[in-house]
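Below you'll find a set of structures to go through.
Two complexes, one shared chain (subunit A), two partners (subunit B, subunit C).
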Partner chain A sequence: MNVFHDAATQVQCESIAQWKKDGKPVVGYTCSYAPAEIFYAADILPYRLRGIETDGMEVGDTYFGPFICSFPKCILQLAGKGKFSFLDGAIITPGCDGMRRLDECWRKAGEDIENIVPDYFYYFDVPHKSENHGMAWYIEEIKELIKSLEAHFKVSISKEKLTAAIKEFNKGRRLLGEVENLRFQQDIVVSGTDVFAATVAGTVMPRDEYTKELKKWVTALKKRKTALNTGKHRVMLVGSISDEIDLFELIEDTGKAIIVGENLCFGIRYEGSEIKEHGDPIEALAKHYLGSSVCPRMYGKYKERLALLKERIISSQAEGVIMQNIRFCDLHGAENALFERDLEAMGIPCLRVEREYGPHIDAGRMKLRINAFLERINGSSKTAKKTKSTEEMFVSA
Partner chain B sequence: MRPAIQEYNYDWLMGRTLKAAAGVPLGTKKETELTYRYIPYYKNVAKSFIDAGDPGLQTLAMLAKYYENILTAKAQGKKICATTFCNSPVILYAMDIVPVTFEILTAIGAMVWKRGMFDYMDYCCEIGMPETSCSSQRGALGAVLGGLSEKIDMVICDTPGVCDTNANAFAFASEYLDKPFFQLNYPSSIGDDRSQQYHIDDYKEMIKFAEQHSGNKLDYDRLAEVLKEVDKQDAMIADLEDMLMLKPTPVPPMYNLALYAGRFCFSGHTEYTKLLESMVKTAKEYAAAGISGLKNGEEKLRVFMCYIDHYTVDVNFYNYLEERGIAHVGSILTRNFKGDNKYVKEMPGSSYSIDTSTPDAMLDSIAQMNARLPMVRSIRGPYDKKGMWLEESLVCAKMYDADCVIYNGTPGCRNTWGMVKPFARDIEKHGYPCHIMYDDAFDDRVESWEATKERLDEFFKIRGLL
Partner chain C sequence: MSIVAGCDVGSLTSKAVIMKNGKIIGSSIIKSKPRPKDSADAALEEALKSAGVSKNDIKYCIGTGYGREKIGFVNEVVSEIKCHGKGARWMMPSAETVIDIGGQDCKTMKIDKDGNAGRFFANDKCASGTGRFLEVMAKVLGVSIDELGKLSAKAKDPITLASTCTVWAQADVIKYINSGIPIEDIGAGINTAMAGRVAILVNAVKPEGDIFMTGGVAKNIGVLETLEKLIGKRIKRARKADPQIAGALGAALLSMEKLNGNGRNKQ
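Let's turn to the complex of A and B:
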């Protein structure tokens, strides 16, 4: 487990350092709509950019305006401080307005601070719809990205290599699926913090090593007998992007709750389904990454996302949902309000909270809100136990 | 929302206000002056338009008509579509659907009422929209979500890929009200074959959606008529744009507002044609006499607003420009990217043309025109790439001989606040003093107009401009 925690809590963990020592390139990417399999197929390490280890904001605040989410600001801060100097490339995606402007801010910061912009700097244009021409556009974007990587890194990304990459990533998806099943049990043997660390690690570690470690970990988990959830409430964590293990710890360290599922940009939601291993690999990747519509950037798909969330609440027997949004993240802020309206109507207690990303300066306030919410669930659970289960509540609603 | 506010249907309230305002100047001068006593709350804004002469009166009449259309839509069996300013209403008119453009209605309310649209903006937050979302939608949207407006039947927006907070407001409205939703989505580039085709494919889907939810088939003969009217209007806009280049410019600051308000409300409609005719006529008379469009007759400074203007109570911003002798040489909202405009020649691939010869040609024309409306044309991609915001702003600042460039928006405008600092620095590098306004164009609570005015004065003084 330590290997996952190390990878999840350090900008550059040991296995990345080793990868670099072997002379192999690392390319950072900002958004879950960038198919990591493409990089793997070119023997490039795909590295999901995170904002952890930020201890100031002077670079982020210099280039971004004041009304911008702290997550892209933290990434820019780290870039400006040279923490991403190990990157050979970066790919910016229009996941949201804040993240897409990282493109300009990073490049412009590079005019003032030497050597902070990787040689390979690419804008990957992901559409906001997955039907017909939206999907066709995305497939074309993937092909362009492949061409660009091949030209810059002097590599070849064949269909066979892409299929092999999909197969390798699917192994990890299947293993994470097994972990999810363990979380759905009555007695839960793994904490939400550990599961999240394992999924975040998957976005930065070399994939072969990751799959190997994951397999070992899952085998060990299956042998565990001690339930960690005795006397604790089962909660889900959803909302704005988060790569913060300490946010999970904040909730689980109350001693009153265990996180049984999350719907975050980092985390299990993208690993939930396998990618087709037969047929055209580019189409398979496109259908998986663009077609799943799990992010509120895909406007008009709220009902699909609500259905997914409900399904997950039922499977994990969650008693409540904590919905957080980073300030200025309107997409999740507004969607959380709709989730809250619809889930509360079905009898699922919800906590909606706005926060800042980065060093947890408002940890005390968050703790207070979370504790109050858990007390509320405590009251609701006592009443609900006398009446209906979570699934029954959904059915009757 | 306060119970007192909930007592009134907002559309009816504002519709009647505008109708009354449009009627104020119809009497004698003495009657008009006397009437002002009875409308203390919107006297200043009515007076500002009335004092602007015939174009001002036409603007008031046009806005009153816009509301009348909304208020009578249901009685006429027409569907109402909530949409955004950068989605042309032309197609909706061609399909006999009544558009409700949130940003326009918010701007009107903000200019007319001393308390602005605060109650409605805050209502959106009461029911869950983040307070950090854009005020330009939240004003009118608050009334819609609160059930204080005419009921909308469908929602169409075209800002995904350009402005999250705009698109998000429309997506939220659709879910909250359980109304059908369609998004036109723009790629990050413009002018290349791939983007052009995407615009057409997406637009065709939008037409299918509008047909399905209105029950009206697109009538291509009607579309041709509307597009021909647009063509005529574009030519007059080009005339006004040309006259903005004159020194002194004969175009009064308020005409900028009327120009784009008309386009967002009544593109392809004769109401807008009449307004443009009136503005062109007056401006040409000023030009022939070699006089400035400013009331005091002296042009001391030329300002290019690289984004939007300021719309709070009493049209303060435009009156401020008049008082200081500052010519307004346009904003991102003024510009029109029809192929024969002078500035588009500096930006290859940026323009559109209108061809009504066949249905396909019309669809191509309207899709490309729509993709070149303000914001969706030049804020879609990285600001310093070909055809994007920096290039557009520099071309316009140069062509209109601006003395400085000013950014104004709303705190909700994530797409520009994400990069406006390096953008402003690049503008400065090209020799234009650049000022970033930190107010909210629709909400004086963020920064009072007095403070905004002080900061503008300070900028002009420190940079030696005035």
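Let's turn to the complex of A and C:
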């Protein structure tokens, strides 16, 4: 497990350093709508840009201003401080407006601070609708990205290589699916913190090494007998982007809860389903990444997202949902309010909290709310046991 | 003799309540000290003194508030949201919605017939809408917090504070003082700004049934009456006990339930 925790809690872990020593390129990306398989096919390490290890905000605040989500600001701060100097390239995607502005702010900061913009700096556009012209547009964007990578890095990204990449990534997806099944059991043998660390690690580690480590870990997990959830409430964590292990620890360290599922940009939702391994790989990638609509950035898909969340609540037997949104995150702020309205109406207790992104920020305030929420679940679950199960609540709602 | 206690160590004040057979026999409110442990010790000592009992007589004690983890003498700790719900229901048995304005945060919650908190909301922005906001403003005006509350009734043309930020609002208030605006009008503006922030949270929880307010700000009549106007509902006044001790009272009530073996509040 340490290899995943090391990868999830450091901007540059050992595996990345080794990759660089071997003379191979690393390209950062910002959003779960950027198909990492394309980079793998070109023997480039796809590295999901992180905000951890930020200890100030002078660069982020200078170029972004104060009234915007702190996650892209943290990325810029790290870039400005040279923490991403190992990157050979970066791809910015309009996951939200804050992320879109990272493209402009990073370039602008690069005019004032030397060597902080990687040689390859690319804006990868993603439409907000997945039907018809949206899908066609996204396929074109993927083709343009491939051409651009091929030209800059002098590589060839053939359809065969893309299919092989899809197959390799699917191995990880299947393994994470097995982890999810373990969390759905009555007795849970793995903490939410460990699962999240393993998922985040998958966005930064070289994929072959990751798949190998994941397989070892899943095999070991299956042999575990001791339940970690005795006397604890099963909760889900959803909302704004987070790569913070601290946030999971904050909830699980109360000793009163175990996280049985999450719907977060860095979480397992991104690896939720397999990609078609036959036919045109670009179309298969587009269908998976754009067609899944798991992020509130996608228009007109609220009902689908609510249905997905309900399905996960039922399968994980979650007793409550913690909804967090980073300050100024309009997408999740609005979506959380809708989720809360609809889930509370079905009898699922929800906690909605607004917070700043960053290590240990707001920990005391968050802890108070989480403890009070768990006390609320404690009361309501006793009442619910006398009446209905979670599934029955949804059926009758 | 089943004597229990509750201790609420807040950011501005610390409170303790001693109960015997379901009745309050002693209580205290002191200004919080730099160390939560010292605040808790001092609050309990004063409450014990007013009750005329000793620490050894306490059969069970629950701690709450921001400093709860640091209290040395408690049997367990519980969140202040749960404690305020309990305390509010004891003070006002018909209460279904509770507004608690503490020193550094503001919460609204629904409670059931046993005082257990259901849905709740807490301020997430900053210090505006909290006791700290009023404390800072009272200091600038050179009046006590009690006097600040009474200024609303005397105001003729209340000012409007442009900013909800405590620091910037303070700059606004200084500007009004220097312009010669009557202190009553400035005080009323401060109370209205405070009530406006709280009203947002009250509306978010969709208040039902009788509304009751706990925390030190519940004693500020200017905020209370303006808040009633803003939410269009009457807020029940505390008569059985000081609303500022509601958290400590709730902790004492939970201690009593624990002592009596009521599993409802088992953590």
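The rule is short, and it goes like this: the second predicted complex is superposed on the first by the 397 of 397 C-alpha atoms of A that agree within 3 Å, B and C clash if a C-alpha of one lies under 4 Å from a C-alpha of the other, contacts with A are read in each partner's own complex, and residues count from 1 in each chain.
We adopt the following convention: a residue touches a chain if its C-beta (ideal position, glycine included) is under 8 Å from a C-beta of that chain, and two chains touch if they have at least 3 such contacts.
In this text, all values refer to a predicted model and were calculated from it rather than measured experimentally.
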*Which partner does A:G364 contact after superposing on A: first (subunit B), second (subunit C), both, neither?*
second
*When the two structures are overlaid on chain A, which partner does A:N132 contact: first (subunit B), second (subunit C), both, or neither?*
first
*In the superposed arrangement, which partner chain does A:E344 touch: subunit B (first), subunit C (second), both, or neither?*
second
_On the A-aligned overlay, A:D280 touches which partner chain: subunit B = first, subunit C = second, or both, or neither?_
neither
*asked:* After the superposition on A, what does A:G379 contact: first (subunit B), second (subunit C), both or neither?
replied: second
_By the touch definition at the top of the document, which applies to A:R355: first (subunit B), second (subunit C), both, or neither?_
second
*Taking the superposition as given, does A:E209 touch the first partner, subunit B, the second, subunit C, both, or neither?*
neither
*Counting residues of subunit A in contact, which comes out ahead: subunit B or subunit C?*
B
*Go through subunit A and flag every residue that touches subunit B in one model and subunit C in the other.*
327, 352, 354
*Can you check the complex and tell me which residues of subunit A touch subunit C?*
256, 327, 344, 349, 352-355, 364-365, 368-369, 371-372, 375-376, 378-380, 382
*subunit B touches which residues of subunit A in the complex?*
62-68, 72, 94, 96-98, 100-101, 103-105, 108, 123, 125, 127-129, 131-134, 137, 140, 296-297, 299-300, 302-303, 325, 327-331, 333-334, 336-338, 340-341, 352, 354
*Could you please specify the touching residues of subunit C with respect to subunit A in the complex?*
66, 78-82, 105, 112, 116-122, 124-125, 264, 266-267
*Please give the residue numbers of subunit B that touch subunit A in the complex, ascending.*
127-130, 132-133, 157, 160-161, 163-165, 167-172, 174-176, 181-183, 185, 187-189, 194, 197-198, 201-202, 205, 381-384, 411-423, 425, 438
